[in-house]
Amino acid sequence: MSEQPYRRPPITEAIIEIRYAAPIEPVHLERGDVDFRPNYPFQQPTVNYGVAVGVSASTGNEPVTQVNRSDGRRLSSMDQTELILLWPQSFIVAQLAPYPGWDNFFGRFARDWKTWKRGVGYRKVARVGVRFINRIDIPQVNRVIEEADYLNAYAKLPDEFGPVIAYGVQAQFLPDDKGCRLTLNSASVPSPLLDHGSVLLDLDVGVETNPPQNDEDIYTLLNEMRAKKNAAFEACVTHRARELFQR
Amino acid sequence: MTSIVVRAERTSLGQSSDLLTSLEPALSLQTREIARRIQALQNQPSLGSPSADTPHPSTEKPLHENLFDALAAVKVLTSQVAMHLNSDWRAKLFHQLDSLHDPAEWEEGDLPVQQASFATFLKAMLTINPARHPGLGLSHAGNLVAAWTTGKDRLTIEFMLHDRVRWVLSLHYEDGLVRYAGDAPVTRLAEGLAKHDPEHWFSRAPENREHP
Amino acid sequence: MPPKIANIPDEDHVMRHVPWSKLRKDENDNVLGFLPHAFERRPAEDYLSVSWVEYYTDPATRVRDAVWGVRQARAVGGKSAFAIGNVGKIKETCLSAGNAKVRVVPEPKDDWPAHAGIRRLPRDDLDLLEALATDAFTEIVLNETIAPQNKE
């Protein structure tokens, strides 16, 4: 189903990620600048650093630091809402708000995935994932927002503690019969709107066990993941929240 | 029922893990294992958005790259509230921002639009929600300036860092010109303008509408 | 070359180059005038840089000549403009709106002999800058209306 049920969907970012079992050679990332330039005229290098520090008896209890560097490319449209990130280990298509609807977003992914595969050829897929980050902006009353009025997933705490200043909730669920695992993150965040509080609702659906390897199966799975994500979102929000998305 | 108190300070999901780190020598092996598993559940940060900081203009980069970086940053910032914006105005806003940062028109020594200023601007515009949108300019320091003009009357608002604004109005009456100026947190802007007939600036009434 | 003087006479005029970002525009980028920020002195500047219009002796062409003089000394964007104000009115405006006794003095440069400066102008007084934009600098000349100078 492709209809957009909300006038103002609270989606701040939508992501489709295909992760590889083995890294792609740097030459393909560099060629991505050329291949994607017609739709993504702005390109810049991007770097991811992972740092691990270990101490063990074998090193005489001296800390040993390992820095892992990953070089990628960030490609964007003129208005910075349509993005591609090319990493050695993953191909990511991202959409910032305003969200144009699944048909448009998925269509862009399919187009760009074809372009990418023309260059890199078949590579073993290790994970297929869909992630939607929502920010729900809630009007405050006397500097307080009642989260339970808008969300069904939040930190439930004893009333005796009084109002919270901040919270974070993380949950991961068992994979379903298609191997889709849902990860939910939710947290209060500073609101970009005056007189509002905001809550992030981050829903990630991914398959890591025997993910599909051909395009048609990947597309089918992505559509199923999107439906699962939608069901999760609807389960997490109340009717009052839906009213906010229709204003 | 859980309530959230809305405060201005930023909070971070990482605060709990910092606390655990400092307490670690006192924790049992079992507790440390639980904390490690919780940490592993955290998703990677969103990869679709660049850093939220305004890139500092680099003297090593050519001008057009510095201007592009600043524009990209505020366009990404706009996307964070795009669901609350009229799409036509969003397109016009981007056109105005592009125009202000045209390298051919750039004034040497000026700073491009600062993200913190732009964030203040977005907050103000989302609150005021004017039917008539402003013309835009930039101060030397990269603060966005919005201007409404109704006949000879003028409203100019400068959006500054730390959610502050300053404004000045020039109003022409029969007995002469009167100016009012203000400097306040953006939360007080609407209140500050309320006594000066906001519709005079923000409505789509004819340009020669007289100030009452 | 006029004799060296300490202050530019009140009956004379000065011209301020106003780049596109400091022009007052409507939502469709139509130019309406000047933002107050067009007359804001930068932190490192001792004075507000302007050009002395009457340095150019021919009344029929002095505005054009003054624009040419600015163009020779600095980059001038195609969509920029020039603000012209009477020196006496500038001084009067600064006094009434900002309680500032400014001086408008020649500050000639090798590549810009007509260069002048408005000294003692407060930097941060938005009300004063607005007054300059509305009351003192009352004439606007769009850069695109002045033809390029023929190189001889």
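Order of writing sets the chain letters: A, B and C. Residues in each chain are counted from 1.
The working rule: a residue touches a chain if its C-beta (ideal position, glycine included) is under 8 Å from a C-beta of that chain, and two chains touch if they have at least 3 such contacts.
Not measured: the values here are computed from a predicted model.
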Contact clusters after notional removal of chain B: A | C
Chain closest to the assembly centre - both centres taken as Cα means: B
Chain pair showing more contacts of the two, A-B and B-C: A-B
Chain A and chain C, separation of their C-alpha mean positions in angstrom: 52
Chain centre separation (chain A, chain B; CA means) in Å: 24
For chain B paired with chain C, centre-to-centre distance based on mean C-alpha positions, whole Å: 31
Chain A contact footprint on chain B (complex, rising order): 1-11, 13, 15-16, 38, 41-43, 46-50, 68, 72, 75-76, 79-85, 87, 90, 94, 119, 122-123, 126-127, 186-187
Residue ranges of chain B in contact with chain C within the complex: 92, 95-96, 99-100, 102, 104-110, 132-140, 145, 147, 149, 154, 156, 158, 166-168, 170, 177, 179, 181
Chain A - residues contacting chain B, complex: 8-13, 15, 17, 42, 46, 74, 76, 79-81, 83, 85, 92, 94-99, 131, 133, 135, 137, 140, 143-148, 154-157, 159, 162-168, 170-172, 183, 185, 187-197, 199, 202, 204
Of all residues in chain C, those that touch chain B in their complex: 19-29, 32-33, 35-37, 40, 42, 75, 77-80, 97, 126-127, 130-131, 134-135
